[in-house]
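In what follows, subunit A forms one complex with subunit B and a second complex with subunit C.
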Partner chain A sequence: MATIEKDSVSGQNTTGHEWDGIKELNTPLPKWWVYVFWATVVWAVAYWFLYPSWPTVNGYLKGSLGYSSRGELANELDIQKKARSAWLSKIEASDVAAIEQDKDLLRYAMAGGKIAFNENCAACHGVGGVGAYGFPTLADDEWLWGGTLADIEQTIKFGVRNTNKDSRQSEMPKFGADGLLKDDQISAVADYVLSLASKAPAKGSAGETVFTENCVVCHGEDGSGQAALGAPALNNQIWLYKGTKDAIVAQVTKPKHGNMPAWSERLEPSTIKMLAVYVHNLGGGK
Partner chain B sequence: MFKHHAKLETNIFFLAVGILLTIVVGGLVEVIPLFSIESTIEKVDGVRPYTPLELAGRNIYIREGCYNCHSQMIRPFKDEVERYGHYSLAAESKYDHPFQWGSKRTGPDLARVGGKYTNDWQVRHLINPRDVVPGSIMPGYKHLTRSLEYSDIASHLKVNRIVGVPYTDAQIVNAKKDVEEQVFSDAGSSPAVLASYPKAMIGKASINLSTANPKVVTEMDALVAYLQVLGTMVDFKTVDDTKIRR
Partner chain C sequence: MASPKIDPTLKKAAADGDAPLYAETVMIHPRTVKGTFRTWKWAAVAVLLAVYHLSPFLRWDRGPGAPSQAILVDMVGRRGYFFFLEIWPQEVYYLTGLLFIAAIALFFMSSLAGRVWCGFFCFQTVYTDLFMLVERLVVGDRAKRMALDRAPWSADKFGKKAVINLVWLVIAASCGVGFTLFFGDAPTMLTDIVTGNESAAVYGAIGVVGGACFLLAGYAREQVCLYMCPYSRFQSAMFDEHSLIIGYEEWRGEPRKPVRKGDSFENRGHCIDCRMCVTVCPTGIDIRDGIQMGCIGCALCIDACDAMMDKYKLPRGLITWDSIANQAARAAGGKGNIRLVRPRTIIYVALITLVGGLIVFSLASRKTTELNVLHERSPLYVQMSSGAIRNGYVLKVLNMVRQDRTFVLEVGGIDGATLSVVGGESNARSAELKVSPDVIGTYNVFVNAPLSALQGKRTPLVFTLRETSEGKVTRAESLFAAPDK
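Right after this comes the complex of A and B.
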């Protein structure tokens, strides 16, 4: 065993260890450090009692302050709700038309609607409602299911061709796939639709006959469409699935149908109202 | 006691006993909380094992490394709840082996992506994300349009049962049939598979692809069926918020 001796310079004991003549002082820890150390131990014990800490057989010690991170979130959301309620309660109480009339409410709804649109709608309809192949443009004045505020709100709430019972439903018949029309009839009607789209209907053509017998019920005699059925206008150059003859033939043969989720299942009524106002004001609202 | 630690440290027997005690205490502190882990899982209704098709989709999700960029964990923070919806519960991933909480978000969180977008969108986005989201940096997964290998799907269910997922014998026997039924039934219809797996997405997700063969189950169909059920099993209208506080 090494011998502990008193160092003559510092007056401290050595540890007794020696390496090649070098000895180590056994200087005690500074008092302040030791006190801080014990203070943290006391703090930890107090913490056990105040906050959730030790696991138990059937759960855990909850602590006397009743803190939980999810509870704290609930408080934060409450505070936020109160802060927003000055505006949101007005939005909830007004119908969409009234929101649009009130300049201040409109400004708030546009800002809120934009945020919700970018998070939820822009994935399909594009930022600013520019649309994409198969996803309608919302910034123009052509509407599949109607472009009034009420129509837009209805579409956002219940969506299109989904499992919600109030969802907008319509199916164009598979004229080709189900053998309702022959290939030459489909080709002829596609030509006629193209002539409608360029505002020069080919009167008296074979395609017009096919169109009159099969298409006017939904798309209208002049091809102006029918929002109640989600039948798009065919008398302009706006196309959801491209405006080439091949694309039109494909659509008549075996139509594609777009879907949209029912957002009332995910979003608050006030958010949907703000979205409706925002979309209505993107450029083409009726 | 502190004075005598030299005796402990210089005696190989006492030192060994001391080390053993330290490891035992440290180990118990880590292990004992797990004895009551069940009590940390919230008691909520609706969470069910994945359908065989969803399970196949989940395997693809893992194979393609989706978790490298997408988390499935909405933390209980205000900004996350505002953007993604209700925070994730432990109960919602109790049948995930392994869980897909993830630790990094290059893309958005997917814990509640189910039902947020349509099948058409999911399919087109997976094939080429730039087609629908111009600024996206996600790679395209065009190869998912190939057919799904699911002849061994029943064994995937069996393995999950070994680690605690309560698949019934009937569900394991019917696994292959359930895959086909979920894909080939018309969207909106109620085939038998819905009885044992409520809220499953019925129908062929990639039906509108011009190259789609309606008689073949593709990897795309499986992956989208999985994505469309994420976060939809629990109906939060039926959950008492104060009962799930932790």
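Right after this comes the complex of A and C.
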């Protein structure tokens, strides 16, 4: 039976249980531990009153400090916004050319533009404007719609081939699919385009005739393109849809056309300005 | 030990070989002692506390816009200031060198004269001395303090303990505040701290440092030296038989015997077993047991013993700084000698000189400009409509002086390569970079190179940066990426 006795060594009571002569001490919890335990209880109760705690039928107890993590975030965002507003209002008030002239504004626009670019543009154009098949490289000096600061800003604002009324619009005819050119003509003009690209135009070839009759209107006699129409230059090794003969034939037969959203419908004017400056300074700006 | 009160049942159990392995620690209340070493110790306390608390207020003019505090660790601005020196984060190896010298100096000191650091200069010792002084002023000396500890709780006991703890808290808080003042402009920070305008981080730091001071110097005391401090553990490894340590001259003291008035000191040792050396010991050891880990080398037992020796007209130095070899020589009837120059001490001095020399040399030849080149990886390279290849780089120019400087950047290693800087020159042979004082100037630079001048996928190239006023040149190597030929 349970007989509680005092242990002679430690001076503590035993639990009264005995197993084969082994008795267990009933040592009380250390005092400091008990105090800390009660302190946490007090802390918890105080917390209920100060901070949001218990759910109620229609919501929750808000606590007397009025704290909420959403509120804290909103507060922090507000502080950030205020810190930025001085710069952003300056950028909004300046035109893009003036931003590039001002060293401090340029630095801010490059940093802000980089972030906006990575968030909005890099999905298609790649980080740093590296480009991809069908998505033009923005780091080189060939521009479909012009590479001046104003051109770039215009393109970002209104986009390409979208529903915005100011959007860049143009389409290359489907020379093959609509029967405008025969297969052998297309093949010949593709050969001529390749000769243009390697800077050794095949003068007097059948392809040149086809090119002169059908393509020079937009792409120019020497194949240097025309930014106003979004007609790419053909006299260099930069290709949007690959520079093999097969790819050129496919493009002439049934052209692919990229499009781009009008970012003025989605982004702040200051962001668009920063983006224009950033893209203009990716290496190919004119 | 300051005879801890032991439960009689425990004594019985100990006799039966049945004692628990755990023994509760008993607060040590050392007796106050007067003497040479006690005076030196007070001097050390005063000097060290003065250095600690006053040095943040030393000023050093570095010109407009720069902090004027002589010793400052600017975490936000990422600079370390030490009088004429301004260290950037990447130069933290100077601190490593300093810590190395400090460690070797500790070894050197230990091999020469035992644990003088622990006994005189360690902050644990300094603050423990200070905290014990508070106890003595409020309660009294050893006997009164022990009596108060034993006494049941009463208004008097509570009042005295409260006063002690309050004064301790004030000292501990000033310790914490003193620490934080090295991390900001001391006068403004001090005002802000006192008026409650400092950041939570600063108050947190004061709480942590001050709290540690309060607990370690107020309650943990010698436990810190015995169980927490790693240095006290390995300092004995620096000792050899020639190290001067605090020791009891056993050959002279034994056999010890209490003395009565008129007793002669013939045919007996000089130790009168008065236990003064034990009662003054801040770690509660008996130095007569020989060298031991608990001894922090504070030399207070020397003061205590010398006083007794004077009283009995015996020569001083029954407990003294002496080497083990000397003691053995004297015990054998010879005359010891002190050997300070030993292989061990020579090696330590050589190491300190070497590392100190390296630091001085690297400080003297310290560069004030650094150029870091980061090759742009997206895109790795771009082909231009002309067929030329262009690579992008981010150049970081570290202007480590406090004045505007202009650099001329050139690129070498590739024939016909040209430079363009965003917001500056384009397609030029060289570009001018202006860098503000004490900052890292960041520049986006493009290098254009004709395909014919490139050696396939990677071509080495070198950026050279010439400072215009002094003409010093800094170089940085990088690579130029191109499509495989």
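Note that the second predicted complex is superposed on the first by the 230 of 286 C-alpha atoms of A that agree within 3 Å, B and C clash if a C-alpha of one lies under 4 Å from a C-alpha of the other, contacts with A are read in each partner's own complex, and residues count from 1 in each chain.
Simple rule for what comes next: a contact is a pair of C-beta atoms (placed from the backbone, for glycine too) under 8 Å apart; a residue touches a chain by one contact, two chains touch by 3 or more.
Here the structure is a predicted model, which is why all the values come from computation and not from measurement.
In the overlay built on the shared chain, the residue A:Met260 is in contact with subunit B alone; subunit C does not reach it.
In the superposition on chain A, A:Glu119 makes contact with subunit B only, while subunit C stays out of contact range. Shared-chain residue A:Gln80: touches subunit B; no touch with subunit C.
By the touch criterion stated above, A:Ser187 is placed in contact with neither subunit B nor subunit C. In the superposition on chain A, A:Gly59 makes contact with subunit B only, not with subunit C. After overlaying the two complexes on the shared chain, residue contacts for A:Arg70 are found with subunit B alone; subunit C is out of touch.
Once the two complexes are overlaid on the shared chain, A:Tyr133 sits against subunit B while remaining clear of subunit C. In the overlay built on the shared chain, the residue A:Ile238 is in contact with subunit C alone; subunit B does not reach it. More residues of subunit A are touched by B (comparison of subunit B with subunit C).
The intersection of subunit A residues touching subunit B with those touching subunit C, taken from the two complexes, comprises 126. The touching residues of subunit B, counted against subunit A in their complex, run 32-33, 35-36, 39-40, 76-78, 81, 83, 85, 87, 115-121, 124-125, 131-134, 188, 208, 241, 244-246.
Within the complex formed with subunit B, the subunit A residues making contact are 52, 55-60, 68-74, 76-77, 80, 119-120, 123-124, 126, 132-135, 162-163, 256, 258-261, 265-266.
If you check the complex, the residues on subunit C that touch subunit A are 7, 9-10, 12-13, 18-20, 376-379, 382-387, 390, 392, 420, 422-423, 444, 446.
Subunit A meets subunit C in the complex at residues 8-11, 100, 103, 106-107, 110, 126-131, 137, 139-142, 233, 235-238, 281, 283-284.
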